[in-house]
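So, here's a batch of structures to check.
You will see chain A twice below: alongside chain B first, and alongside chain C after that.
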Partner chain A sequence: MGGKDRVPPSPILSPWRRWEALGPIAGLFWRGSVWLYLAAAYAFIFLPVVVLVVFSFQDGRLPVPPMQGVSLKWYAKVLADRDLMAALAHSALVAGVSSAVSLMLGFLAAHGLARSVLPGSVWLRGLLIAPMTVSSLIIALGLLSLFQQTGVRLSLLTVGVGHVVINLPLCFAICYAAMGDHQKAAERAARDLGASEPRVLWLVSAPMLAPALAAAFFLSVTFSWDEFIIAFLLTRFDVTLPVEIWSMLRSGLSPATNAVGSLVFLVSVVAVVGTEAVRRRA
Partner chain B sequence: MSLAARDRRLGWGLVAPALAWTVAFFVLPFAAMVALSFARMEGREIVPAFDPGNYARFFSEWPLFKALLNSMEITVVVTVVSVLLAYPLAAIIAFRVPVRWQRLALLMAVLPFWTSYVVRSYAWLLVLGQNGVLNKALLGAGLIAEPLEIAATRTATVIGFVHFFVMLLTLTIYANLVQLPTNYARAARDLGAGPVQVFRFVILPLTLPGVVTGAFLTFVLCMGDYITPQILGGNNELTLPQLIMLQLGRSGNFPLASALSVVLMAVITLAYLLSSRWLRVDRV
Partner chain C sequence: MTAGVSVQGVTRAYGPARALDDVSLDIAAGEFVVLLGPSGCGKTTLLNILGGFAEPDSGRVLIGGRDMAGVGPKDRPTTTVFQDYALFPHMTLAENVGFGLRMRGVAGPARAARAAEMLSLVGLDGRGARKPHELSGGQRQRVALARALAVEPEVLLLDEPLGALDLKLRRAMQDELKAIQRRVGTTFVHVTHDQEEAMAIADRIVVMNAGRIEDVGPPRQVYLSPKSLFSAGFMGEINKISLDGTWRPVPGPGVLCIRPEAFGDQGLDLGAGRVTDAAFFGAHVRVHVAPDAAPEVRLVVHLPQGAMPEPGAAITLRATTWGVLQA
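And now, the complex of A and B:
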């Protein structure tokens, strides 16, 4: 495949010119339908989010039309909800720790597979990536049966173990893809100059891979933060945020759920836009 | 010890932790689950056995097998519709939106991706419900006399899924489209190909790996999802994950749930084998 440079919008790649050749009306029609499609697609994509956010300000008991006035009371209620705040703390803890563990294991494995020729390395890579191609329901159920058969008590720790299983392949794949020849040459130079392996890892490889490491960590955090089925099956009492929101849903529609959803969305958007801004400056 | 052997030992040492984790918490649990799927329930006790009874039940009891069919039907419809909707969107962003706005357009197209996954399905419930935004709008405009019953049907599940996967597929297909060298299409044009032929014989074959990879991801995630059908589809017709969760929760039938999960795994593996020719997991 070709280079990574961006392809400018090309009239040749598209049938637009042909339509325009049929006359100004046909060209206008074709161009109009293109922008119409774009608008419709964005409307479809944003519809649920807009409804979610708008009705989080509902001054009534139900998050459906008609809008009975604007109020912040549901946000106040949500922020004062102790269960919800506890779930938030659990989610943050699990996301942070499981992502850090995934990143460390994934980085070391990627480094090991990139630096030395190991027998059966294709199979090793396949095995490390495998959990990514399996439904998390299956991973959760497998871990549940393992923990039950060995008598391990379910807790936040077991959820964290499950989240590392799904995030490790991701971190490994990102780190492995980012390691190039340039990298290997620098590492070899450091080794030749007498640096021990931990020093090579810490002072050469990690700083050179910093953007990839950050991306892997960030993606892991988002996945873990939002993960439901593993967190639902592998803990009993100290639940995470998605599980807590799930139990809110059982008591029916409420603007409080909208408020929580909007807050989570706001945090994610700030994180995404922040990352994008940092990337753009770099 | 030779240098090469020392090098290899270091390599193994670096790979070992990740490997141990994957074996202990992925391979072993999966084996435990397969073993459990052959166990028997006696009352509420799980008796270890080598009894294929759970699989026999799955293939002979219609409500169980129907869940697999429901899941397959929903997944196929979702995958096809999502690809058909996402391809033009990705193409418009790649070819019609000015280059300096493309990243923003793409970022906007996947922004709702970042809402919580449980909340997204809930939000669609607010749109599609009996008193929801859609019904109120259509009633207000006088287009319908009675509110449509979309929530708690398969249609709602499909809409919720399509919403999610259109975003995902737009990303993967766009990534493929912008990598296409313009020269190929130009060459085809010079050789007399019309726009339809350029698309059919140049652009489509070159973007096929991206489309198949996205479609495979859609298939896996859609087949194994519990939340979306549970919130939007209701309990009228169960999907396979819903049935698995039901076995775990209400009846505590762990062996049957395990057998159903093995079936789910088999279906996903089959999909992988069918699409592996075009699959580029590393390119996602």
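And now, the complex of A and C:
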């Protein structure tokens, strides 16, 4: 340190440098506390999930310490539970279909608004994204009163509608952000070569946007998959997995709920990792 | 297939600015026409109107005698080579070139054969399975050309197709473009701001400025006897001597225009002059001369390679070709 031709340090030292300047022990102390802080932050975020997953393997009747041994029996019980498996299938169906619908509507809206100059197009975009800022409780209440007034019976379809409402803004925003001049130029060339509008969309726009479309789809699936409030308020007999888990919890804690929770978490992780993988490849 | 184009009194405004102001132009079938002008002169707007990407506010466009009003790009007998190539990145070269045929319902095998044929026309034989990102800029431009020609358009529109290439490659592509046009016989309408490019390839040059056509004619005519001062200046360096001042080598009014290389041993006598400085330019020696009759004027004169006059040397000024244009 302190060679003659060194650039003089800037008057505002980073905390790191300031501690190091006090001596080797202070420097070590600083580094140690930085890592400690990082560890604490991650522990705060992930401890609940870790506890959930760890006690799903509990060889006992309660998902609390002490750990009485490792067993897969709760997973076996969960996978054999017909109601749970039905709820799982419902969730997958709602997530898949509502995400596909959100993606299609979001993509078309984004394409239209990115391509044409419309009066008040800023407002149109704002209105499309606005539902993101509304709590899902409010959306669910609104849809509930609408469905009851119009006499639509609550079912998986109504949950799906609710999920489209929350996921459409997301899909729109992702697609809109991905559309650039490159896209426009290629679409123009396709039209010039005789492609009709649907074929431009299908053969040029969508394949060129494939990474963004996949990201939007997987993200929607993740949100729909563990969405509770809308699913809870807009279903009656056929319920989705989060609602089923909620009703399990009412009868008390059990490692079985941990096992279901772990499975839900696993699916979410796969969806997020899938999204990230697709985005990176682009 | 090839067809003529007739532009009749076309006007197009963007807000208060007139991108095209009552433009009329007839292009013969099989002709190679270059629209030349500075940026903002309306040449690209005219090309867009031919391609159907913009509609004229007034006037009309006929292609092969058919009125194109309300006909979209998809249904016009034109295709375009874009400046940024606009290739489809997710398709192979063969799929790119075959795209237009696919839109016209041509079956797979026939399409593949035609794509291979077109790729070989532009010197990319056997590369059909590659993707656009594997190519250099020049090669992408060739693919764009092959793609546009594959559907046998009656008129091919080229929007500064060589603008993104470096100078050497651009000169090479010009020759090739000209050769390809001769082979396919399609009407080419080419937009550029490079007058050398225009002279190298055009049957006829259309010089545009501020939404109007300044001059139309074969390269030689536009260069040697331009119809306007703008056209004269845009086609290359030129000496402009105002005939309103005290020095009038020819009777006025107007502006006497002489190209630097038009000075020689005979022709219009401008009297003697004094060299102020000289520089070697390879193909010629570029000299600034102050005529004795008007010492404040500086003329640019190109002398043969061998001559290298010292500053102050006396020189006789005679112009073999010259013209008087109205300001």
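Criterion: the second predicted complex is superposed on the first by the 255 of 282 C-alpha atoms of A that agree within 3 Å, B and C clash if a C-alpha of one lies under 4 Å from a C-alpha of the other, contacts with A are read in each partner's own complex, and residues count from 1 in each chain.
Definition applied: a residue touches a chain if its C-beta (ideal position, glycine included) is under 8 Å from a C-beta of that chain, and two chains touch if they have at least 3 such contacts.
As the structure is a prediction and not an experimental result, all values here were calculated from the model.
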Key: Overlay on chain A: chain C relative to chain B, clash or fit   = fit
Query = How wide is the angle at chain A between chain B and chain C, using CA centres, rounded to the nearest 10°?
reply = 110
Ask   = Which partner, once the models are overlaid, touches more of chain A's residues, chain C or chain B?
value = B
Message = Quick one: is A:R61 in contact with chain B, with chain C, with both, or with neither? Answer first, second, both or neither.
response = neither
Inquiry  = Which partner chains sit in contact with A:V204 here, chain B, chain C, both or neither? Use first/second/both/neither.
reply    = second
Query = Which holds for A:R191: it touches chain B only (first), chain C only (second), both, or neither?
reply = second
Inquiry  = Just to be sure I read the superposition right, which of the two partners does A:R236 touch: chain B = first, chain C = second, or both, or neither?
reply    = neither
Task = Considering only C-alpha atoms, give the closest distance between chain B and chain C in the superposition, rounded to the nearest Å.
result = 6
Query = Residues of chain B touching chain A in their complex?
reply = 7-8, 10-15, 17-19, 21-22, 25-30, 32-33, 36, 85, 88-89, 91-99, 102, 107-109, 111-112, 114-120, 122-127, 129, 131-133, 136, 163, 166-167, 178-182, 185-186, 189, 194-196, 198-199, 203, 206, 220-221, 223-227, 231, 241, 244, 248, 254, 257-258, 261, 264-265, 268, 272, 281-282
Message = Quick check: in the complex, which residue numbers of chain A touch chain C?
response = 185-186, 188-196, 199, 203-204, 207-208, 210
Remark   = Residue set of chain A touching chain B in the complex reads 1-4, 6-10, 12-15, 17-18, 34, 37-38, 41-42, 44-49, 51-52, 55, 62-66, 105-106, 108-109, 111-113, 115-118, 124, 127-139, 141-143, 145-146, 148-149, 161-162, 164-165, 168, 172-173, 177, 197, 222, 226, 228-229, 233, 241-242, 245-246, 249, 253, 257-258, 260-261, 264-265, 268-269, 271-272, 276
Ask   = Mind pulling up the chain C residues that touch chain A in the complex?
value = 51, 53, 72-75, 78-80, 82, 84, 86-90, 99-100, 103-104, 147-148, 151
